[in-house]
Amino acid sequence: MPGNSFGQLFRISTWGESHGGGVGVVIDGCPPKIALSENDIQPDLDRRRPGQSSIVTPRKEADHCSILSGVFRGRTLGTPILIWVPNTDARPEAYREMKTMFRPSHADFTYQAKFGIRNWEGGGRSSARETIGRVAAAAVAKKVFHHLAPEIEVIAWVRQVQRISIEFDPLKVSLAQVERTPIRCPDPKTAARMIRLIEKARASGDSLGGVIECVARGTPAGLGEPVFDRFEADLAKAMLSLPATKGFEVGSGFAGTRLFGSEHNDPFALRQGHIRTASNRSGGIQGGITNGEPILFRVAFKPTATIAKPQKTVTVSGRAATLQARGRHDPCVLPRAVPIVEAMTWLVLIDHWLRLRAQCGTPMRRRHAKRS
Amino acid sequence: MPGNSFGQLFRISTWGESHGGGVGVVIDGCPPKIALSENDIQPDLDRRRPGQSSIVTPRKEADHCSILSGVFRGRTLGTPILIWVPNTDARPEAYREMKTMFRPSHADFTYQAKFGIRNWEGGGRSSARETIGRVAAAAVAKKVFHHLAPEIEVIAWVRQVQRISIEFDPLKVSLAQVERTPIRCPDPKTAARMIRLIEKARASGDSLGGVIECVARGTPAGLGEPVFDRFEADLAKAMLSLPATKGFEVGSGFAGTRLFGSEHNDPFALRQGHIRTASNRSGGIQGGITNGEPILFRVAFKPTATIAKPQKTVTVSGRAATLQARGRHDPCVLPRAVPIVEAMTWLVLIDHWLRLRAQCGTPMRRRHAKRS
Amino acid sequence: MPGNSFGQLFRISTWGESHGGGVGVVIDGCPPKIALSENDIQPDLDRRRPGQSSIVTPRKEADHCSILSGVFRGRTLGTPILIWVPNTDARPEAYREMKTMFRPSHADFTYQAKFGIRNWEGGGRSSARETIGRVAAAAVAKKVFHHLAPEIEVIAWVRQVQRISIEFDPLKVSLAQVERTPIRCPDPKTAARMIRLIEKARASGDSLGGVIECVARGTPAGLGEPVFDRFEADLAKAMLSLPATKGFEVGSGFAGTRLFGSEHNDPFALRQGHIRTASNRSGGIQGGITNGEPILFRVAFKPTATIAKPQKTVTVSGRAATLQARGRHDPCVLPRAVPIVEAMTWLVLIDHWLRLRAQCGTPMRRRHAKRS
Amino acid sequence: MPGNSFGQLFRISTWGESHGGGVGVVIDGCPPKIALSENDIQPDLDRRRPGQSSIVTPRKEADHCSILSGVFRGRTLGTPILIWVPNTDARPEAYREMKTMFRPSHADFTYQAKFGIRNWEGGGRSSARETIGRVAAAAVAKKVFHHLAPEIEVIAWVRQVQRISIEFDPLKVSLAQVERTPIRCPDPKTAARMIRLIEKARASGDSLGGVIECVARGTPAGLGEPVFDRFEADLAKAMLSLPATKGFEVGSGFAGTRLFGSEHNDPFALRQGHIRTASNRSGGIQGGITNGEPILFRVAFKPTATIAKPQKTVTVSGRAATLQARGRHDPCVLPRAVPIVEAMTWLVLIDHWLRLRAQCGTPMRRRHAKRS
C-alpha cells in the first residue's frame, strides 16, 4: 500500500499539491445514510485556512470544498466520497528560488533524492495544503459519530509556544475557550503573550515552534488492538505524519519516566457503578486499548522551516548559496495545526470504532461521558 | 487488517501468549536466497531474554527458537518464515490474583472490556514475551541488509533511568560499548549509577522508567513516504507499539520547540562531494523522507506497571481490593527494551527499503556510511 | 480496506457515480519521472466511451479527463495522480422508474439491502461509468511499462457473442485487427455476423452476452505469488470485479478438464537458448507464477440486465409490478468491455511487476518478446 | 502485503512447505469468546487428508493439528490463533529427480525463475499441503458462524470428472450425500462411474481433472462490496488461488452467455413476505452483493500435473530430458479438493460478514434460510 492512505476501515486517501489542480481526499468505507453536505465540512476547513488572523500566513485561499461523489440527496451512499478544494491563490513565481536551491530542513532535498523530481512550486505534496483532505475527512467522521456515539468530543489547544506554556485542565477545556483567541490557547492571558511572541518573530523574519495538547472525551473502552495497532501507536503515527512534528507523548509522557511505578500507576476505583481510574497518567489507554477515561496526548511542532532570514544552503547542483525565501509563510504553525491535530484524532477514533464493531460487535456507549 | 501485523512488504505477524504453546512470528515477503539459520536469530533473542543479569526479571526462559518454514538448506525461499519459541518457564499459579483483580495501569481491564475474556496467566498477549517475534524477525531483516546494504547499522542505548541521564554522541556509540554493562548505557560511570538505582527500586518493591535513544547510521536517502507513511511516523508507530512506551521524539524533539527557526534549521553544505547537513536537528528525516544523515530518536518508557508493593484496585466484579502482586517482574524494562527498540527500527528500515526499491528502483548505497 | 481500491503497490481507488459530480481515480504508488498528460489517457477512454458506434449505447458522454494532481510539467511526481471525468449527459428523469422498482438482475435491490440507500439515478456506483477510472489508471500503467518493459503488450478481443464464436491465434492477433470493426472481433466475417445479431437484439428490445479473450505477450517470468496472490487469482478477481461478468478461465480452462494429465501437461523444451513450453495449456502461468509464455484467459459476460422489454419485478415496498425500462443501454456490453478487460490486465501486470521488483530485484526483460 | 494472507478482517496467513517443520496458519481478527478446540478442526482436516480412500494419494499423513495460541480454556481470546500440523510422512528421496528436472505444468520452473531457489523436496510451498492451513482456518470460521449466523451452510461436491458429469439440485444437496462416496459426488451411480474412471487412470499412470460445484445457503443479503471486492470477485480469487484450478463461474456462468437478457434476468417476486428471485441465474449475487438467494458457483480443476508416465522436459541447466516421476500423487485432486473449496467459501463469507458489520451494523439473519 503506498503511503497516501490512512485507516483500515474508514480509509482516507489524500491527493494534490499546493500548486496544481487542487487538493482533496477520497473517503472509502463511510457508513451509509449519514446526513452530509459541504456545509458540514466548510467550518473545519475555515479553521485551518490561511489568512484567518494576523498571526498566520496572509495567503488568501478560500478553500471552498465540493463533494463530487458518495452523497445522494444529502445522505452518504456508503460509496467513496470525493472532496475537492481547488487551489486559487497559487503564486509559483514566489517559489522561483526553490527551483534551484534546497530550503534547509524542508522537503526539497529529500523529495529530489527519492523521486528524482519535485514540484518546486509551493512545496508540492509537502505543503501543509495536503492536510485539507484530512480535515475534510475528519469532518465526515464527526458526522458519523454524531449518529453512532454523539457523546464523543475531541478538543486540541496550544499548550506551548517556544518558552511560554500553560497547563489547562483537559476535563474542562471547551471548544469555545480555544476559539476565543487566534492562537487557540484557552487561557486568555497566556494567549496574549504567545501572540506577541509570534508577532515579534514574524517581524524579525524568524519562526517559532511549540506543543499542542489534545483530549478525546466520551470515548468507549475497547478501542485499539493489543499489539501493533495499539491506540497510542496509531495516534503517534497520525501525529508524526503531520508536517513539522518532532514528538508525541501520551498521558504522563516523557515526564512520567521520572516517577516510581508506585507513583505512576493509576489505581482502579468504583465510581457511580463504573470501574474507573482515580488518576489518568495512562492518558486513557492501557495495554494499547482505551479504558474509557479521557485520551490525552501532546504533539511537538518544530519552528517553521521557511523563514525570511537569509540562510546558508546549496543549489541543486551542489554549489554553496544563500537562500532569501519569499512566499507567505506562517511564523508559527501551531494555531492552524490545532484543527489538524483534532482531525487526525477523529480519524483514528472512527477507524478503531469500526474495527471494534467488526470484531466484537457494537461498542458500548459511555454513560459517564462528560465529567463535570 | 487486524492489528498483529507490521510492515507492508517485509510483513511480520506475531502470535502467542506468555502462557500457552509459545510465541513466534511469521515473516512474509522476505527476499529469497539469504543465508539464514537459528544461529542468526538466537543471539538477538538472548539479548532480550529474562534472567540475563541481576537487574532484570529472574525468570528462566531459554527462549530457544526454531525455524519451521521458509528456509531450505540454509537459505530463505522467499516464502513465509515461521519462527517459534516455546514457553518453558510458565508458572500460572503466580498469576492467580490476576484472575480476580485488575492490575493498575496494566492491560487486564482493557482486554476484558474489549474482548470479554482474557488470558490472565502471565498477561497473555500483553506480555512482553510477544516482542520475541519482533526481535526474531528483525534478526532476519539484518541478514537481508547484510546482503543488500551492509553499511547500515542500528544501535540503541539507555539514555535515562528515572533522574539519571547521559548524552552520548550518536556518531560514536558502538554496540560493544552498549553491551559492556547490563543496563546497556554506553557510559560506564552512569551505567553503574543506573544499576544501583534499579537495585534499590527492586529492593523496595518498586519500579523505574526512563528513555532509550537510538541511531541508524549508513541509511540511504529516500526512505519514507511523503504523507502518512513518513519515516518518522512509521518509527513512532513502531515504538509506541511496544509495551510500556509513553513517548517518541525524533531529532531535536520536544526540546527543539524552544528554538527559533533560524537556530533550528539544518544548513545544507557540500562535504566530500555530497550534499550533507551541517547539523542534524532533523534527526536524519526531512519531509518524512530520510536525507542520508544518521536517523536519531528517543523513546520514553514508563515505570513497570507490575510492582511488589501493595496497590489499590478493584476485582473483576467491581469490589475494592488490595493487590499484592507476585510473579517475577523487571524492576526496569529499559535494558531488555534496548534490543527491542533496535528490532523495530530494523523492521521499519527493511520495509521502507523494499518499498523504495518497488517504486523508484534499487536505492543508492551511502558511500559516506560511517562518519569518524 | 474498503472495496474501492485495487492493487498493492500501484494502487488505484476509483470513485464516482453515473449521475453526480463525475467519476475518476486516484493512483498511488506510480513510479516518478514518467512522461504523462491527458493525451496519454484520452484515447483509451475513447475506446470505452458510449456513442462510438451503432451497436453501443447512444449516450453522448464526451468523457474528457483532467489530471488534477501528481504530474508536474509533464512528468509524474511519484505522488497520487487524481484523474477526473465529469458527467455531462446525465438524464436522471430516464431513471424515474428505478426509484420505485428493482430492475431484475441489476444492483438496485442488493445496494438497497446492504446500504439502506441507493443512488437510483443511472445506477449510481453500479454503473459501468465506474470503469472509466480503471481505464484511465491502466493508461498510466502502460506509460510506466513503456519505460520499464516496453515489450509487454496486452490485447483483448470479442471471441463470442451469444452462439457466434471464433478462435483466433493469440500469438498473431493485433490491436489494428481488433479495432477494425466496432464489435472488436479480429475476424471480419465473424464480426459482421456478430454485429447483425446485436442489431437484431436491440431492435427487439433484448440484449446479448458473450466471451472476451485476452492475451498478454512479452511478460517476464516470475510475476505472481505462490499462494493467495497467484497471478491467475488476481486476474480472476480483476475480471470478476467488472460489471456483468459471470466466469473466468485461464489457459485450457473448463475445456481442459476433459483431457488426461498426459495430454494436458506442457512439455518444457529449449528454444533459442531459453527454456520454453512446447504448448501453452497453462496459459502462461504455472504454480501461480508467470512462466514467460503468453498469458491467455477468457471472461464470460452475461446479457445486459437492462432491456427494453417489459419485465416482472417488485416495487421497493414489495408489490408486484411490471418494469418498462427507459434509458439508453448497450444491447451487448462486449465491444466496450474489450478495453476494460485490457485495462484490468495492465493493472494486475504493473502491480505484480512492482511487487517482484520489491522482493527479488528488477525483473529480467523477455528477449523473445514477440513470437512471429 | 505479500501474497500468503487472505481476508481483510478475518485474516489468515498460511505458512509451511510439504517437507520441513510442518504447515499451518495464523488467524488474526477472530471474534473472541468462541468455543474452540482441536476437535473442531480435525474432522475437516481428515476430509482433505491423503490416504482416506483408494482413489487418492496413499501418503500417510496423520495431519494432526495443534493450537499454539489464541485460545484460553476452550475459548478464543480475540488474539492470533496459530494452528500447526507437523509433516510426518516426508520422503524427500522420492523427489530426487525434481532437484535436477522441471516437472511439466508444475511450479518447479516458475519458482526457480522467480526466486532463484526452490524447495524441490515435495514441491515445497506449491504442494497442496499448504491448503491444510486454509481448511483449519475455515473450521474456525464455521465455529464463529455457529454463534453469529448458524443458518449458513456451505456444501461442495464433484460435478464432473473428465467426461462424466451430473447436475444436482443445489437446494437439496446435503453433506451426508456428498460424504457417502469417496469421490464426493452426491449421485451414487455417477459416483461409481467416476471412481472407476479414476482407478483406470491411476492404473495407466495418468491423471484426470474435473469440476466442483458449491452452494452457500442461508447467507444474508448485503455481503460484498460494490466495486473491486465484489463477492464473486473475492470468490473467484479464492478459488483460483487453489492449486490446479483453471476456471471459475458463478450462477449461469459461461453457459449463460448463450441466453438473451430477457431469458437470463431473474424476476423479483414476493415469497412469504420477502423479496426473492423466481430463478437464480445470478447465483445469489447481483451487482457484486449477495441478494440472500443461494450462492452457487463452479470451479474447474485441471488433471494432476504429476503423473507416472514418462514426460519430456528439460533439466535445470536446460538439457532435454525424460522425467519418470515417483512420489505418491493423486490421480485426481477433486475428491480432496471438495473440503478445500468449501473452506475458501467459508473464509470469503466470514470476512465479508465482518466487513458488513463494520460498515453497516450487524447483518440481518435470513429467516428463510433453508428452502425445502
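Chains: A, B, C and D, in written order; residue numbering restarts at 1 for each.
Just so it is clear, contacts are C-beta pairs under 8 Å (C-beta built on N, C-alpha and C of every residue); 3 or more make two chains touch, one makes a residue touch a chain.
Everything numeric in this text was worked out from a predicted model, so none of it was measured.
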{"item": "A-D or C-D - the one linked by more C-beta pairs in contact", "value": "C-D"}
{"item": "Identity of the chain that, by mean CA position, is farthest from chain C", "value": "B"}
{"item": "CA centroid of chain C to CA centroid of chain D, Å", "value": "26"}
{"item": "Computed distance of Cα centres, chain D from chain B, in Å", "value": "39"}
{"item": "Approximate Å spacing (C-alpha centroids) for the pair chain A, chain D", "value": "45"}
{"item": "Overlap residues in chain C, where contacts from two or more other chains coincide", "value": "1-5, 8-9, 14, 29, 32, 78-79, 114-116, 125, 226, 355, 359-360"}
{"item": "Chain B contact footprint on chain D (complex, rising order)", "value": "1-5, 8-9, 11, 13-17, 20-24, 26, 28-29, 32-33, 66-72, 75-82, 84, 114-119, 121, 124-125"}
{"item": "Chain B-facing residues of chain C, complex", "value": "1, 8-9, 29-32, 78-79, 226, 354-355, 357-362"}
{"item": "Chain B contact footprint on chain A (complex, rising order)", "value": "1-6, 8, 14, 102, 104-111, 113-116, 125-126, 130, 160, 162-163, 201, 206-211, 221-222, 224-230, 232-241, 243, 245-254, 256-270, 273, 275, 277-278, 281-283, 285-292, 300-305, 307, 309, 311-314, 318-320, 355-356, 359-360"}
